[in-house]
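What follows are several structures.
One chain, chain A, links the two complexes that follow: it is found with chain B in the first and with chain C in the second.
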Partner chain A sequence: MQIVKRVIDWVDVRLGVRELVEENTTGYLVPRNVNAWYSLGTVLLTLFAIQFLTGILLLMYYIPDTEKAFTSVERIMNDVPYGWLFRYLHAIGSNMIVVALLLHMFSVLFMGSYKKPRELTWLSGFTIFNLGLVLCLTGYLLPWSQLSFWATTVATDAAGAVPVIGAKLVELLRGSPSVGAQTLGRFFALHVMALPLVLLGLIGFHLFCVRRIGISTAPFGKDARPARTGEKFEHELHPNGIPFFPNYTMEEGAIVCFFLAALVAVAFFAPQLFIPPDALVPADPYNTPEHIKPEWYFLWAYQTLKIFPSKLLGLGVQVAMMTFLALLPFIDRSEERRPAKRPLFVTCYVLGILLIIAISIWGHYS
Partner chain B sequence: MMSIKKSAVLFAGLLLALATALPVLAEESASAAPQTVCLQCHGSQPGRLGEPVKLWHDSVHAANGISCHDCHGGDPTDFAMAMSPERGFLGAPEANAIPEFCGRCHIGVKEDYLASKHGQALGKGGPQCVTCHSNHAVQRASLDLINEKSCTRCHTFARAAEIKQALSATDGLIAELESEMAKLHRVGISVKAMQGEVFDLRNNFHRLFHTVDVEQVRKETDTFQTSLGAVKAKIAGINTELGERKMWGGVAVALLVFAGLLFVLIRRSYHEEEDHSGE
Partner chain C sequence: MDQQSVPSPQRRNFLLLMLAGVGSALGAMAAWPLLKFLSPSGSGGGSTQVKIAKEKIPLGGAYFFDYRGRPAVLLEPKPGEYVALTAVCTHLGCIVKWHKDQQKFICPCHGGQFSAEGDVLKGPPPAPLESYQVSLDGDQVVVG
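Then we have the complex of A and B:
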């Protein structure tokens, strides 16, 4: 232990790490009324770390070749020691990430934490959410199963609905007239290199925003504060707050453990929940499966597209909705953050969530 | 600056929208799946000419991608020449030629059938393939095909019942193994090799019936039972491993829940401290 202390002392003299650690742990005060919803960021960091780790392990055995991809995944599942576990954790983990991203986004919306001065935090978080979905989509093609092939075929087909440049966009996405080796190469590069790099950058920026601006006080009880509207930068301090470590870290630890318990439970006991039968059949470009349903988090959009008479209109409505959500902090400029004082927002919020759930269920059974 | 942000948001929205457009287009693709000219033409015809397509759709042949031209020959890609003898079109066979017609693929069954009492009665009122299996609506062969209603069209059921009895235990084992393998496949276990093995054994075993010789069925059943038993042992081994996985999974889940509860308790103890310091 003496040697460890000497190494820390050596580094401390040069970089002042003890002070840095103290500033960000026991000396970092968070609002006294901080609640479990604030833990979702840490849950997401943990889940993203698992995705990176399992992704690297899968990468050691996966072969991005249309002739070998499916067999290499079969080999991972059957021959590679604990390969099945890494793959299940990766595939199911991606679904858990979408769950955590949605919960994180909904809680931020409900508590009005997206408001000034946190517009950039919201924008970077919203982009991370979309990037997460694109990572799911690009990862879908890699096993080169029937599901992979046809899901990618129809998803890239959708780009054709964009006026004027539609056909060019489809070709750009696929790299060839139809989904094939070029598409697999592109999606592989995007999934394992380009998108994770962008994601890392965005997560870094998001965390920087959170730390630089300061954690928002929950808009409940006597500690509730309105959104700040001043024109000068000010770090939100919580002089009467509680230490981030160990006090709040324990709460985060608990929520992370419960999320991981759910992830491990699904991976060991019900992996098929997230692996449809078509994902177990090698891709066959000459045989279209009868019923392709998107993943649960795309069902609302699937049904929305069916409701509208043209693909372009359906896409337009979705883009408009996502743009509205992205720009919400610039549209909703009121200082009030307490849900009880924002009846119109809360009504729209609850009805919006119920509508999305209802449309998703409709999409599932349609 | 604002326009860059807006563009980024729109791009993200577009990507999401692209991803979500999947199923609607999938349905369109499914309905536009390429069909042979045989199916396109006969499928739209009423009565006798269209009936085979309707029957075929629910058949074991359709389920396995065996289409009209695989049996009847011809060119499935050319409307004009689809039924031309030059392109190998055979048409429908005469009743007595049916065993040869089906036997091009079901070679072993044909051999056993021709050597059997059924085969020897071909052309003399004896049954051929479609008598029991029907033609376009041909279903996966099972012991249900041996039934009183069907067999008593030509003779009493006693002997057929005896053969059915001799086949049933092994056939039941094959069905059980197939069901077990389907379950394993559903959880990502590669069962291709075992499925191939059972498929071969099943085909060879079903050949036996076509001898209509109960003594031969009894004599060869042991060999099949031994081979199927080896597959059963492999499946049992995999199931044991899956059971162990679940046990360790249960332990991991329990540990994580326990750790979570421990964190909650520690957090509560801090709550008490915070309440005191806040007073």
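Then we have the complex of A and C:
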């Protein structure tokens, strides 16, 4: 232990790490009324780390070639020791990330934490959410199964609804008129290199915003505070708060363990939830399977396109909704954050969530 | 025992020890599948016996093939006489080249030279080329 202390002393003299660690752990006070929902950021960081790790491992055996991709995934599942485990963790982990992203976003909305001065935190978080969905979409094609092939065909086809440039846009996404080797090449490059790099940058910026501005107080009880509207930067301090470490870290650890337990439980006992039968058949560009459906988190978008008489209208509604959500902090500028004092917002919030769930269920059974 | 009677540093050390134990156990549980996943399966994945048609091996020349996941070479120095050797130089692992005119292997990396039987003739290689068992099966030469 003496040698460890000497190494830390050596680094501390040069970089002042003890002070840095103290500032960000025991000396970093978070609001006393912080709740479990605040842990979702850490849950997401953990899940993203698992995706990076398992993704790198899968890359060692996966072959991005239309002739070999499916066989290489079969090999990972059947021949490579514990390959099935890492693939399940990766595939199920991506679904878990979407769940955590949605919960994180809904909790931030409900608690009004997106309001001034946290507009940039919200915008970067919302972009991360969308990027997460694009990562799911691009990764979905890689096994080159019937499911991945046709789900990608349907998803990329939606871009065709854009006026004037629609057809060109579809071709640009696919790299060819229909999904093929070119599509696999560009989706692979996006999934394993371009998008993770952007994601890392965005996560870094998001964390910087959270740390720089300070954690928002939950808008419940006597500690509730309105959103700040001052024109000068001010770090939100919590002098009577609890230390980030060990007090709050322990609470976060428990929530992270809960999510990890759920991930492992699904991977071991119900992986078929996310690997339906069509995912076990190699892609056949001349044979569309019946009732092909996108993943659960795209069902609302899929059904919206079908509800409206024209695809363009459906796409327009989706774009309008996403733009509204992205710009919400600039639209909702009131200081009030307590849900009980925001009846209109809470009503829209609950109805909006119920509507999305209903449309998704409709999409699943349609 | 009264909780207060246990000195705080002792409790802290105990908890740290427990945490380290649980952490190590979980780490080992995660490390084992990782290690197995990364370990190459079998002896390079190649077959233990390779059959090569006689017509592929030129008299006095060499035929290179894959044997147990590594490059190997088959020679026919005299009609009906076959020699199978590893093609991996024993110096630093480069692949040796067969020089038909000189009837010897020369390593392109550092000039190591081997005879048709794999013995070191010249240069830095510390050991001869490993030889493999050869038998005949009709029109085919069986290595291994």
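The working rule: the second predicted complex is superposed on the first by the 366 of 366 C-alpha atoms of A that agree within 3 Å, B and C clash if a C-alpha of one lies under 4 Å from a C-alpha of the other, contacts with A are read in each partner's own complex, and residues count from 1 in each chain.
Methods note: contacts are C-beta pairs under 8 Å (C-beta built on N, C-alpha and C of every residue); 3 or more make two chains touch, one makes a residue touch a chain.
The structure displayed is predicted, hence computed values, not measured ones.
Colleague: In the superposed model on chain A, is it clash or fit for chain B and chain C?
Modeller: After superposition on chain A, chain B vs chain C: fit, no clash.
Colleague: Output check: A:Phe86 vs chain B and chain C. Expected answer is one of first, second, both, neither. What do you get?
Modeller: In the superposition, A:Phe86 contacts chain C only.
Colleague: Determine, under the contact definition given at the top, whether A:Leu280 touches first (chain B), second (chain C), both, or neither.
Modeller: first
Colleague: Between chain B (first) and chain C (second), which does A:Leu184 come into contact with in this model arrangement: first, second, both, or neither?
Modeller: Neither partner.
Colleague: May I ask you to name which of chain B and chain C touches more residues of chain A?
Modeller: B
Colleague: Regarding the shared-chain residue A:Leu315, is it in contact with chain B (first), chain C (second), both, or neither?
Modeller: Touch partner of A:Leu315: chain B, not chain C.
Colleague: Figure out whether A:Glu74 sits in contact with chain B (first) or chain C (second), or with both, or with neither.
Modeller: First partner only.
Colleague: Going by the contact rule set out at the top, does A:Leu40 touch chain B (first), chain C (second), both, or neither?
Modeller: It touches nothing on chain B or chain C.
Colleague: On the A-aligned overlay, A:Leu199 touches which partner chain: chain B = first, chain C = second, or both, or neither?
Modeller: After superposition on chain A, A:Leu199 lies in contact with neither partner.
Colleague: When the two structures are overlaid on chain A, which partner does A:Ile97 contact: first (chain B), second (chain C), both, or neither?
Modeller: After superposing on A, A:Ile97 lies clear of both chain B and chain C.
Colleague: Please state the minimum Cα-Cα separation between chain B and chain C in the superposed model, rounded to the nearest whole Å.
Modeller: Superposition on chain A places chain B and chain C at a least C-alpha distance of 9 Å.
Colleague: Show which residues of chain A lie in contact with chain C when the two form their complex.
Modeller: Against chain C, the touching part of chain A is residues 57, 60, 79-83, 85-86.
Colleague: Under the stated contact criterion, what part of chain C meets chain A in this complex?
Modeller: Residue list for chain C touching chain A: 33-34, 36-39, 41.
Colleague: Which positions of chain A touch chain B when the two form their complex?
Modeller: Those in contact with chain B are residues 32, 74, 77-78, 84, 87, 123, 126-127, 130-131, 133-134, 136-137, 150-151, 153-159, 161-162, 173, 240, 242, 246-247, 250-251, 253-258, 260-261, 264-265, 267-269, 271-272, 275, 277, 280, 286-294, 298, 300-302, 304-306, 311, 314-315, 318-319, 322-323, 326-327, 363.
Colleague: Quick one: in the complex, what on chain B touches chain A?
Modeller: Per the stated touch rule, the residues are 5-6, 8-10, 12-27, 29-30, 33-34, 65, 185-190, 245-246, 248-250, 252-253, 256-257, 259-261, 263-264, 266-267, 270, 274, 278.
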